[in-house]
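Presented below is the structure to which this report refers.
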Amino acid sequence: MTAMTIIQIYVFVLAAFVGYMVISRVPPLLHTPLMSATNAISGISLVGSLVAAGSADHHVSNILGCVAVACAMVNVVGGFVITDRMLRMFQRKPKTPAADGTQ
Amino acid sequence: MNARDLVIQAAYLAASVFFILGLKSLSHPDRARQGMNQAAIGMLLAILGTLLVQDIVTYQWIAIGLVVGTVIGIPLGTKVPMTAMPQQIAISHGFGAAAATLVGVNEFVVRGFGAGLDHGTMTALGVETLLGALTVTGSLMAFGKLQEILPGRPITWPAQNVSSLALLAATFGILGWLIVAPGNPMAYWAMIGLSLLLGVLLVLPIGGADMPVVVSLLNSYAGLAAAATGFAIGNNVLIIAGALNGASGFLLSILMSKAMNRSFANVIFGAFGGEPVAAAATSTAGLTVRSVSAEDAAVQLAFASRVIVVPGYGLAVAQAQHVVQELAELIEKKGGEVKYAIHPVAGRMPGHMNVLLAEANVPYEKLLDMDEINPQFEQCDVALVVGANDVVNPAARTDPSSPIYGMPILNVDKARSAIVLKRSMNTGFAGIENALFYSPRTAMLFGDAKASLSRLVAEIKAL
Amino acid sequence: MRIGVFKENAPREHRVALTPDGVARLVKAGDTVVVERGAGAAAFFADDAYVAAGATLGDASSVGAADLVCKVQRPAPDEIASLRDGVTLISFAGADAGPVLDQLRARHITLLALERVPRTTRAQAMDVLSSQATVAGYKAALIGAEALSRFLPMLTTAAGSLTPARVLVIGAGVAGLQAIATTRRLGGVVAGFDVRPAAAEEVLSIGAKFLAPEAISADAATAGGYARELAEEQQRKVLAVIDGAVAQTDLVISTAAIPGKPAPRLITTATVEKMHPGSVIVDVAAETGGNCELTRAGETVVHHGVTIIGPLNLPSTMPMHASQMFSRNVQTLIGLLRKDGQLVVDLNDDIVKAMSVVQ
Amino acid sequence: MRIGVFKENAPREHRVALTPDGVARLVKAGDTVVVERGAGAAAFFADDAYVAAGATLGDASSVGAADLVCKVQRPAPDEIASLRDGVTLISFAGADAGPVLDQLRARHITLLALERVPRTTRAQAMDVLSSQATVAGYKAALIGAEALSRFLPMLTTAAGSLTPARVLVIGAGVAGLQAIATTRRLGGVVAGFDVRPAAAEEVLSIGAKFLAPEAISADAATAGGYARELAEEQQRKVLAVIDGAVAQTDLVISTAAIPGKPAPRLITTATVEKMHPGSVIVDVAAETGGNCELTRAGETVVHHGVTIIGPLNLPSTMPMHASQMFSRNVQTLIGLLRKDGQLVVDLNDDIVKAMSVVQ
Amino acid sequence: MNARDLVIQAAYLAASVFFILGLKSLSHPDRARQGMNQAAIGMLLAILGTLLVQDIVTYQWIAIGLVVGTVIGIPLGTKVPMTAMPQQIAISHGFGAAAATLVGVNEFVVRGFGAGLDHGTMTALGVETLLGALTVTGSLMAFGKLQEILPGRPITWPAQNVSSLALLAATFGILGWLIVAPGNPMAYWAMIGLSLLLGVLLVLPIGGADMPVVVSLLNSYAGLAAAATGFAIGNNVLIIAGALNGASGFLLSILMSKAMNRSFANVIFGAFGGEPVAAAATSTAGLTVRSVSAEDAAVQLAFASRVIVVPGYGLAVAQAQHVVQELAELIEKKGGEVKYAIHPVAGRMPGHMNVLLAEANVPYEKLLDMDEINPQFEQCDVALVVGANDVVNPAARTDPSSPIYGMPILNVDKARSAIVLKRSMNTGFAGIENALFYSPRTAMLFGDAKASLSRLVAEIKAL
Amino acid sequence: MTAMTIIQIYVFVLAAFVGYMVISRVPPLLHTPLMSATNAISGISLVGSLVAAGSADHHVSNILGCVAVACAMVNVVGGFVITDRMLRMFQRKPKTPAADGTQ
């Protein structure tokens, strides 16, 4: 195991901590939008796909990569669009100017 | 390290920070939108950074992929009705996992079918492919269940327990073998096949009601697959985003199962469990009761414009008059409007509710009697029934054989939604069942009314 | 349907069976209403208000000529004289009704007795006993508070701290619960007592203490929700509980009753003598003989410094609201009797059946 | 120091100047106390209790022979006769005290008049006016509630919804605030009114509404915290405010007073005639002429269906607690007068000085 | 990478995780102790791991250092009175920062006095030394101020602004120069000297009351210095622990200044600011008022065993009777005991407090009158004065010229501590000043009583 | 800048995030103990000191290192001991068994 791998494990562990802590106080209202947003983020495999699709190594890379890019892109685009629609429902209603009586 | 690499790394670092900030904002209702935008910016930065990578020499395949993906992705996101959201997330997941799997396969293929891989990289690649493939079929199954293509009930088969465990062992066995001896394409393909099968078998035995939790768990797996990809190709943003996703998806599925009152263990080990747990209480007539968590009820109340509180004898027994008034004030502070519907015979003495609510200083103007309030239920977002039973029993309207037939009741069943606070499914004074509690628009929050109301207050304050 | 409303002539009776508001609702439903001149005066409802509500004014005989006649108290012999033969009458039947009923029967008059409304959920809106007991309980609490030589609430002042009065309400039925609620509102430290099992939770549910839950007995309650007479053993237990509690009590309000029976004797002379001078007993059951041995109906007795008040016809001392509730009950009942605008006394209806004592 | 406690002989006076508890404290402080036989009987304090507290019982003359004599009402001529020459007397001086004071002066009797306790923070514990006004306000509210022909609280029942009674309390001094608090406790919708600027916040602070803050005037208050008579212009404004409010009011409790002056006339006959039949006015100021034109002290008048009650000596109707507070005030005052166990009427003390009307 | 290195890295990773978990637990009252233990385990793992490092060949110097450090450290921690905690933390800091500085110096020296350093390493080393040295003297200054060796008031001097800024610029200038040309020992020593001076000048102009915030900020600097060391010698646990410390110390100092109602900007830029902001309101007699945040007051109440609530006219004006009762219930739920002290003339009518508290359903047993409660104040942890003024004014006991002299009062001044809820420093009914509000044991929570109480309730619930 | 340095920066940023988030909900009660505990943790420079003190490179290293170890150790030991004493004050008092009357 190289020193690089070791430090990558550090990165992984720290990021996992961050992911865990960041979520720990989410109200149930946001469970679904959050799931949807993290779903969109999991489209990050797009990054790997791009490298594959753009490499000159092999033709098979290009094709597999291209399909992977398309798949990942569906995930990213679809995920964000769904999240957006969902969050639109949570726009806070404006405070109704209550006809305030005498105190 | 050259300037180009520095730019890439800076973009990746920025992307990671944006992902973190985005998730952080996404867990707060007021900032959720902003959080989504931050996450999107992170994604954009990650993509742009990647496009600079030295290894990328040809852009045509990339362009094709991006266009095709966008063309499929947009309608997928926009056309679907809001009610079908969970299955859309599931399918969108499936695509992401497929991408991760393909990247793994590609890496395996171009490195001489594994021959050019060291043990470490093979580990990463193997885990990536395994989790990716499992997630693809798992997501499809979840989609099928949610879309009701597949039956929603848990599907079981003889020796399910043994067969699933065996399959799991086999899959991981092959993975171990591959790590020891990477250059073995047959084993690799076999592992992919088994993983695909595993995805199916893991999800089938889980009931439809648990699917959202499953989707979130698959989300976590997809994240871990991405992180593994990062290790395999040495890409930091993949590691970070993947780990973020892996951890938050995992926690989220725990939180979701808690909020939905499901057993998380049941979801994870559903495939290996014995009998799945019975889903919900069922009335004699075969109707089901929906129970709700205080958190969810709190959100519903906090965001409602019109709330009608229907107090009954249970309010008196719990002596919850002060808390209910506090809750009402809180909802009003959040912008909602709260009224109290006083049924003439609520409680056990004439004016019982009046006495209690006056003690809690509820202004008289907020107390409406039956004739005034009944037409307002249809416009009300939430009717909060606090320990009332007979006075909201639709049988009085509909069932001539009922002992309360003919008594005018509060039309809680006409409200857009109702939350009922009581301790159990026990009957009230008249000793008869109440169909309101089995209505799909009704959610039951079980527990002593005072305790439940206190929890609602605390939850709304925490929002 | 023609409805008549009598003026009450009994002493101390200030209520009226239908208020102008009630009349207006009946007129709207298609009935015609004749009101005896001055019927509402004692309850502060002027004749003008009845006319404005759509009634016509008349004398006793024109009222008696209606299809359906409403009254609070059962008619006295001279009032029966002004009733048309075969008319239907809604009113209390009252105690020792035998001779009156015979007289009505002779005249073919149907009497729907208001104290006979069954205690079913559906009949609640016609339950005059409940509505009038509500008034009685409230009023008894006020009378007790007024008669007391001390404050009910606790008061910390520059002139010393005054402790809150301790109140015991015996009989936690409709009137008792209302008395508990009212004395609690005024700041008293209130305990309730009853023999029916359901009563304990109900007393707690208005924030008062329940005295001696161990004295409750399951067979003290009838299916109709009323209490029944106690077995001797049980009765002794109850007496002992009350006897033990009064020494720490400043105000006792007793409402215990058993339908159709004389009120149970729950406070003996010996018990009264254990109370502090200056304490007060309000015996709401005075009309049916009183829960206290020393009660004299309609009088106020002072024994060993303890004031024992035996009020009569409490609802009538708050005639406006008492009439309003009474009127609403009667009006709901009339709705039940009206079929296509005609009076139909349908003995298949369980409520009507229970109420018809003479037909 | 020898202290005497008289029995009250005035009609309607049930209080006693010192209770057994007060006596016990004085005895503990070293005083000797003589109590007239039967002094506490009307307030439910038995002679035995006094003896148990360390007093000796005596007749009027032995009480009058003490150093310091305590009484509630000013002594009648025959009571003065039983006083020793030169004795110090604590009691109310009462209205039109001239002749009595002359008589006392002639006998060299020092009178410390209880209504003259200054309104300073230090004197609060001796302020009999405040303590007795507390009782009066509470009692007025109960009397009003009792006299009303309707419920004070709102009630939603099977026999219809009853609206809460609307209450107006005029004069938000000690008695007025207590009346507001008590009617609010009972569930009334209460508004208060006064002319002193501080009153508005005080009314709000017990949860009631304040009627017409615009009618307040800064010069209506004296430095001592009392009100003064109003300028004509201001008076008209106040009358108009009250006149406008009563039509929506079911119960008026009026407590407006100006020390040493007849009570201000705030409710005219025309105003009364605007009220609903069945409404009630309790005029706590009846003793000093009444806030209402129609009030007759000690009587209950019904005018146009409105009941106007003019109660006299309200504190005396709750003799036990009223005496207890009175006694505590007197006892604190005695503490002020005791120097090394001796009675010293120190005219340098601002409280004593203010109280000494005859010395 | 050999097995030894793997063990070391595993230890470091575990240490990092323990540090994180420890900090997490430390921010919850119930788990704080456990958190400390976790942090200590983390530290132990880090030390043990380091002892395995290949470069370490001789252990004698290490042993000497460890023994000497322990021998000094233990009495430092145990002997000091609790009230002197902040200065102890400051001095203990100084030592830590000195260690970081010395490590930097050593690295610089052994690498040929900087000649053998690349730009990156020099950057790390420079930052480490600069922050370390600054923290050493800064901590000493903070210690001096807290221990009252130095005057607590802000110390200023002519042209302070300009001189401090110039010094800062010079120090960072030299750092920049060193990064460009590492092999320059003179510059390095100069930078250390200037940094030491900077530490002095940055802390001197800040008032004693702000010192806790300064200590926390120096903590953050020390963390950053450690992280820089990590970069310089390529040690991950140093980077992680240093970054943790740097970020949490920074946030903590912001939170602390908020909780203490101080301006954070004032603390950071105190040295460059003009006039330091006036510390607190001062009475005519020159006494100062201590105002407290709702958070702090909430903690005080939540952990008190005996609380006495003293209601006054302000409670009535604010109509806060229901909230105060809610607060009392909450405190009791947390294990405290709450009583109400009712002064005979509190409010504006006899029995005013009784009426209100009865409305809020406060049980009569909890209302104690003056004679009963006064002896109990000495045992009471917190007296919570809600809108009372005259009835708690010690002048009634002590000042014969006061108009309220002789009136018996509630002995709130005898309580171990008092929190007073009122809107301003205005007087009450009697129109006189109240020395209680200026007592060092009294904290003022300004604002409408109802609003303040609601905040207290919310804060206690959030604990 | 080497790839190693880059990834160390990732580690630094992630750890800083964790540090920030972990603290963000601390009640004021714990400010001082937390300050004291982080102070103890900042004694982590002990790790650097140990390496210096134990190295064979230079004698100056050993001496500087030894002093550094001692200083850092004072920090660590003193910090934890103080924290411990402080936290001892926060032991939750046992719930007094309130003499509960009738309800």
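The first chain written gets the first letter, and so on, giving A, B, C, D, E and F; residue counts start at 1 in each chain.
Keep in mind that, in the parts below, a contact is a pair of C-beta atoms (placed from the backbone, for glycine too) under 8 Å apart; a residue touches a chain by one contact, two chains touch by 3 or more.
From a predicted model like this one, the values you see are computed outputs, not experimental measurements.
Visitor: Based on the averaged CA atom positions, which chain is farthest from subunit B?
Guide: D
Visitor: When subunit B meets its copy subunit E, do both sides use mostly the same residue numbers (more than half shared) or mostly different ones?
Guide: same
Visitor: Which pair wins on C-beta contacts, C-E or B-C?
Guide: Pair with more contacting C-beta pairs, C-E versus B-C: B-C.
Visitor: Report the chain whose mean Cα position is at the greatest distance from that of subunit C.
Guide: When every chain centre is compared against subunit C, the largest gap points to F.
Visitor: Between subunit A and subunit F, what is the separation of their C-alpha centroids in Å?
Guide: Inter-chain centre distance comes to 34 Å.
Visitor: Return the distance between the CA-based centres of subunit B and subunit E, expressed in whole Å.
Guide: The mean C-alpha positions of subunit B and subunit E differ by 40 Å.
Visitor: Roughly how many whole angstrom separate the Cα centroids of subunit C and subunit D?
Guide: 37
Visitor: Between subunit D and subunit F, tell me the centre distance in angstrom, where each centre is the average of that chain's C-alpha atoms.
Guide: 70
Visitor: In subunit E, what residues contact two or more other chains?
Guide: 16, 20, 24, 236, 240, 344-345, 350-351, 355, 358-359, 361, 462
Visitor: For subunit F, give me the residues that contact two or more of the other chains.
Guide: Those would be 1-4, 7-8, 10-11, 13-15, 17-18, 21-22.
Visitor: Touching two or more other chains, which residues of subunit D qualify?
Guide: Within subunit D, the residues that touch at least two other chains are 124-125, 130-131, 134, 153, 155, 157-160, 185, 187, 204, 207.
Visitor: In the complex, go through subunit B and note every residue touching subunit E.
Guide: Residue list for subunit B touching subunit E: 322, 325-326, 359-361, 458, 461-462.
Visitor: Where on subunit E is subunit A touching in the complex?
Guide: Touching subunit A: residues 1, 6, 9, 13, 16-17, 20, 24, 236, 240 of subunit E.
Visitor: Subunit E touches which residues of subunit F in the complex?
Guide: 1-2, 4-5, 8, 11-20, 22-58, 60-87, 89-90, 92-96, 98, 101
Visitor: Write out the stretch or stretches of subunit B touching subunit D in their complex.
Guide: 342-346, 350-351, 353-355, 358, 361, 364, 367, 369
Visitor: For the complex, which residues does subunit E have touching subunit F?
Guide: Residues 16, 19-20, 22-24, 26-30, 32-33, 35-36, 39-40, 42-43, 46-47, 50-51, 53, 55-59, 61-62, 64-66, 68-70, 72-74, 76-78, 80, 82, 85-86, 88-89, 91-93, 95-100, 102-103, 105-107, 109-110, 120, 132, 212, 215-216, 219, 222-223, 225-227, 229-231, 233-252, 255-256, 259, 293, 295-296, 298-299, 303, 305, 332, 335, 337, 365, 459, 462-463.
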